[in-house]
Amino acid sequence: MNQLNTYLYIAAILFSIGIFGVMTRRNGIAVLMGVELILNAANINFIAFSKYGGMNFDGHVFALFIIVLAAAEAAVALAIVINIYNNLNTINVDEASAIKQ
Amino acid sequence: MYRDFGTILLAMAVGVVFLCLPLFLQWLLAPSNKTKDKLEVFECGEDPEGSAWLKFNMRFYIIALIFLIFDVEVVFLFPWAVVFKDLGMLAMVEMGIFLIILSVGLAYVWVKTDLEWVKRKVKYASGRYENLKQ
Amino acid sequence: MDGDLMTINMGPNHPATHGVLRLKCQTDGEIISGITPVIGYLHRCFEKHSENVTYEQVIPYVDRCDYLSSMTMDFGYVVAVEKLMNIEVPEKVEYIRVVMAELQRIASHLLALGVYGMDMGAFTPMLYMLKERERILDLFELTCGARLLYNYMWVGGLSHDLPRGFVEMTYQFLDQFEPKIDEYDNVLSNNKIFVERTADIGVLPPDVAVNYGVTGPNLRASGVKWDLRKNEAYSIYDRFDFEVPIGEGIKGTVGDCWDRYYVRMIEIRESVKIVRQALAKMPKDGDVHKAVPKKIRPPKGSIYSRTESSRGDLGYYIISDGTPTPSRVKMRSPSFASLSAISEISEGWMMSDMISVLGSLDIVLGEIDR
Amino acid sequence: MTVDWLYTTFSQLFSFIENTDLLFLMSAILPIGIIVSLMAANAIVMVYAEMKISAFMQDRVGPMGQGPGLHAGKFGILQPIADPIKLLLKEDTIPEVADKPLFILAPFIIFLGAIIGFLAVPFNENVIVVDLNIGIFYIMAVGSLAVIGLILAGWSSNNKWSLYGGMRSAAQIISYEIPAGLCVIVIIMLAGSLNMQDIIHYQSGGMLNWIIFSNPFSFVAFFVFFICIVAETNRGPFDISEAESELVGGFHTEYSGFRWSIFFLSEYANMLIVAFVAATGFLGGWQSPFQDFMTGPLWGTFWMLGKVFSLLFVMIWFRWTFPRLRVDQLMYICWKVFIPISLINIFGVGIWTILIG
Amino acid sequence: MSEFVFLVVTSVTIISALGVVLSNQLIYSAISLLFTLFGIAGLYVFLWADFMTGIQLLVYVGGILTLIIFGIMLTNKISSARLSQTNMQQGIGSVVSLWLLIVLSLVISKTNWYSVSSSEPVSTVDKIGTLLMTKHLLAFEGISLLLLGALIGAAILARKEI
Amino acid sequence: MSRYFRNIAESLSSLLTGMGITFTHMLKIKKGNVTLQYPEEKWPRPERNIGFNHEDYNVIRSRLTVDINDCIGCLKCERICPVQCIKIETEKAPVRGEDINEINHVGITSNGTNKVQVVTRFDIDMTECCYCNLCTYPCPEECIYMTGGPNSKKHPIDYEFSEHDRSDLIYRFAKPGTKEGIQKVKSKQGAQS
Amino acid sequence: MGLLENKFKDNVLVAKLDQILSWSRATSPWMFQFGLACCAIEMIATGASRHDMGRLGMIPRASPRQADVMIVAGTVTLKMSLRVKRLYEQMADPKYVIAMGSCATSGGPYWQHGYHVLKGVDLVIPVDVYVPGCPPRPEALLEGILKLQEQILEERPLTRKMV
């Protein structure tokens, strides 16, 4: 556990899982959850680097920024999802784009 | 730090056990007499009309949640507040800008009446106490 | 961002429905978009009973219609029958009746206001009010032995004379009660949270109120000066000096929930005034049984008579076919009219407002369903 | 702190134990056990206090436990003990249409949030189970766990009243976290640390050094903070999520027996935690109000608990005096009154400290 | 012991992350996400980032997750919120993500990471604070603009067509 | 703007007033306490009541009682009862105003009336009774009354008679065995004559 | 039935435990707010300061799930009777019923001509204690509650029933 690689592997796994979620899910909110996983994977990396990689506290600050971004993204994305849902009555992303055309 | 958070983890485990124990006791001691009506949900004695799991109109609450963004702002304030005394005026000014920018956001939604939580459509209103914006 | 409309049954057993009313609410999130009151959960066949029992035996059933305000219910009924039979009741009886009716009005309003406070979540003020109500019930119990359903007013008289010391005790009660009203004002009526919860909510404009046939405090809260005690003074109400309890200025003229609450508060004060006057003017002696007929057998005919009960305009339509049993007794119940206005005034408000509106209308299910 | 101390003590005491893990487990389990039993004891005391205080406010006597053969003790002192035993004996009902896993999970989440929050509160100079560097922030953070629990409880019951309750409380707690957090910022600005003990040490030296009295803005901040924490614990007059006369029981309408009492337990535990935070942050924690008078570990605990229970008393007092707010008014107060005030407070405190001291 | 705990935390994180993408009810996905976030918070502890742990709980669990759950309740008839995933998609998805995983692992194992051993920090938050106020000041102020934008944007979007 | 601040000020002052009131109530609990601790203290409350002397004014309606020895079986009470919960059956007594010892029948009431009827059944269903008191007025012998009613000297107030079984609430005042007894007496007399 | 219910032979330990269990049940009989008609007003009066039901450990609960005692206070009409039954069913076991007032007991004043009145709530749900009166005085209700408590005290939840 006291190794940079362990954390990087964990982050990689989370990242792939997140990608999987984003690719397979059609529901907007489920996609959002996949994105959260990806962001979290990145965060783990940053903080692992800051402990082992000499990134020191810059890593923490970056992670902090990412979390903030995630929050902002979630708020806006959800507003959009809700808006789409209102107009098109679906939150399946591909259906929504199909209807739009 | 490990020891502290280890204690917290342990406390969670203990908490689960602490809850499971009485639940187990309850399972042992309490009578159980499941009838059809009992397993129905309570709706003041009437037949529930439809499930509660429908598309609940939460417009009203969602607005509150958008202010999650303010939550994030608070998060930024914590590290700032810790070093505030060391950095003095400089930190104050920097944070002042930060806060003012966000206050603009608050002011914006305030002015745009997004903070009026409910948009009621009522027939009669008088506004004597002027609290009610129609 | 419309959600589905949710149909939610409020009642028949819900803490805020004051009995067994069922409100079928269509809600859109927190907003009420439609209300259908479903009644009949307490239909106790009042009219059927009154067709099967004699005139004096109807009184217990009348009592039970509006169980919060039995005295005024009895009052209305006996006044109707007396009119039908052309009975002059002795002075003293009239005064006692007025005292009782007004005390009952106070008691009824105290409960209504207290329970209203509880609907809003304020438990303690309710208990303060019930404490005083309990003292009024003591007075009633002293007089006729019952706490809630009295069967005290009889056609042509009363079941008992006033007990010794009643007048002094009532004075005593009033003296200690009057300061309490101010306390209620402080603890509830002027409480900012309470005002915010009730003011401007569920406004019932005067014309709508009149159209729905809403009467009593609910109508007066809309600023309409209508009180049968003044407008069609029955019994001896014309001898007392009191104001029709309506609000003035910004307090109690708009017809919102707070006004309905506040008008009841004013009414309590006015009733105290009336009780004081009646006690002062009451003749010392007189036989309360003097005019009680041996047999109540009204001549053929019918009568409609209305009086002001605690909840409003209470009318009795009695058809007599010359037998000791009424051929028909129909009651016009004030709460029914009040309730019918609820969907008009609470649609578009929020869930919590609807409870506020319902509580402020002060309905009694026994009288609605009969 | 306590865990560390116990660890050293145990390692000296049981020097034959080589295994450090075992030593750690021993030294951690003990305070955790004490904390858990404190939570239970607190609920019992609070239930009794609430029953009696509310009764006295209403000119009644409260539980007396009379009757032939029935004695809930003199003055009903055994009443709060009989209640949990009875709840243990109640049938456990889960509606058929409910989402069972979530229905079961929800009270656990709420309770765990409470218990791990409780670990970080200081009782006196030395007694604090985990003395985290981020103490006060940590308590705020785990406090937000309750939100998830409440939503789940409300939603999984598949009952409309519960749904309303869950929704309302979620919006309420999230919102009130913001002004509460902003008020905590005031504390941190002055104390310069997130650590609970540091914050308390900062306020040593008598009442006038307490943060609440250190400048006018923090004085205001205390009251804002106090009201916010009352709202965050879903207590009256902010109990819109369980509003008995509106929502029957709100999110816990469908819960029965012990499962229901978990909510109860957590509510009281949460009250206790936030009262601890308020006492720590603004009222000097375990510091004596009179400089060096009556100090020491025991007195420290006394002062701490004294402050905490006075705050709890005020909460009870609130609940039994006021009508309930409506949900939009609740939000109005939060967004339009408390947040602006707290923002101004932060500016004020900042400028005050820089200019005046 | 701490290895064991680490193992537990890691497996909770990964298994529940799988739950997030695989469970066929949206609400269970969200609950799995709760556990994932918790696990990640645990990992932060192992990385000596206590303040980040707190933030993870406060923002992610208390904020974002709540928002997501609300979103689920708002947009779904949840009783029928089965998530449709076609086999096609799943196939492609798993291939792509496996490929990604392998590539990433290779990269990780092949790279010779620059590694320093640091000692446990006494307190992280003041360092973060100082950095925010000095080195990353611009980003910090930028964030405030971004938040402002997000706030206004979300408010406008949510306000539309009510 | 000024309204905003006025609102806040108003709220504070009104809320504090309310809190003051509840607090004073709490402090004055010794004096203000109105609770009647039921099994120990009973109505009428020993002290702290509104001041009437219950011995003078006891008209409480609690529970019907019949002094069956005084009842002449005139059925007035049965007829006036609005809910018909009094059920009386009578038989003509063999000799007017004479005691019949076999069935403990008392021939003359305490008012001095000679009884014509023997009451063989006098049931009051207390679960149906609506406690309206109507039946007590017309009784010529004042033998049906609420305990603690006009004859309160004889009976203490009594309102505690809840039962586990509903049929226990049907009160049978006629002496048990009267019905068979009177028949036997009559047939004996018939046989004699 | 619970797993351990009525599974034990009578012995001292079980008897003691039994006593504690039934004591706790008897001491905290939480009441289901179930007012139907006039009697409900007297029920409120019983809960108010003068009589203070809370003295006996009674706490009114709005949800049937958390209540132990259902006080049927008032006239049960036919329309309501189905709801009464359902609400009773929805209470968690063990549960008790007090029929308050004439109406709940037997239809009361409406027993004869009340075509829409249920002639006694015991036709739909089992009743433990009948409190007579119309309405019963608060003291009478309290007495009924005490009677119920006595009944609960005598219960032996764990001991095997001797037939």
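Labels A, B, C, D, E, F and G are assigned to the chains in the order they are written; within every chain, residues are numbered from 1.
As a working rule, a contact is a pair of C-beta atoms (placed from the backbone, for glycine too) under 8 Å apart; a residue touches a chain by one contact, two chains touch by 3 or more.
Keep in mind that this is a model prediction, so the values were computed, not measured.
**Student:** Based on mean C-alpha positions, I'd like to know which chain lies farthest from subunit D.
**Tutor:** So the chain farthest away from subunit D turns out to be F.
**Student:** More contacting C-beta pairs: A-B or D-G?
**Tutor:** Here the pair linked by more C-beta pairs in contact is D-G.
**Student:** Hey, how far is the Cα centre of subunit F from the one of subunit G, in Å?
**Tutor:** Distance between chain centres, rounded to whole Å: 24 Å.
**Student:** What's the distance between the Cα centroids of subunit A and subunit F, rounded to whole Å?
**Tutor:** Each chain reduced to its C-alpha mean, subunit A and subunit F end up 77 Å apart.
**Student:** CA centre of subunit C versus CA centre of subunit G: separation in Å?
**Tutor:** The separation of the two C-alpha centroids amounts to 31 Å.
**Student:** In angstrom, rounded to a whole number, how far apart do the mean CA points of subunit C and subunit D lie?
**Tutor:** 45
**Student:** Of all residues in subunit C, which are in touch with two or more distinct other chains?
**Tutor:** Only 1-4, 6, 8, 12-15, 30, 60-61, 64, 124, 127-128, 131, 134, 149, 187-188, 191, 193, 195-196, 350 qualify.
**Student:** Identify all positions of subunit A at which a residue touches two or more other chains, and write them in rising order.
**Tutor:** 64, 67-68, 71-72, 74-75, 78-79, 82, 86
**Student:** Of all the residues in subunit E, which ones touch at least 2 other chains?
**Tutor:** Expected reply: 2, 46, 48, 50-51, 53, 55, 58-59, 62-64, 66-67, 70, 73-78, 124-125, 128, 132, 143, 147, 150-151, 154, 158, 161-162.
**Student:** Name, in rising order, each residue of subunit B that touches subunit E in their complex.
**Tutor:** Touch list, subunit B to subunit E: 1-2, 5-6, 9, 51, 53-59, 61-63, 65-69, 71-73, 75-76, 78-84, 86-87, 90-91, 94, 97-98, 101-102, 104-105, 108-109, 112, 114, 119.
**Student:** Which bits of subunit F are touching subunit G when the two form their complex?
**Tutor:** 34-39, 42-43, 62-63, 82-85, 125-132, 159-166, 169
**Student:** So in the complex, which bits of subunit C are touching subunit B?
**Tutor:** Touching subunit B from subunit C are residues 1-4, 6-14, 22, 28-31, 195-196, 199-200, 203-205, 208, 250, 254-256, 344-345, 347-350.
**Student:** Can you name the residues of subunit C that touch subunit G in the complex?
**Tutor:** Those in contact with subunit G are residues 12-15, 19-20, 40-45, 48-49, 52, 60-61, 64, 67-68, 111, 115, 126-127, 130-131, 133-134, 137, 147-149, 365-366.
**Student:** If you look only at subunit D, which of its residues touch subunit C in the complex?
**Tutor:** My answer: residues 54, 57-60, 160-161, 164, 236-237, 239-240, 243-246, 248, 320-329.
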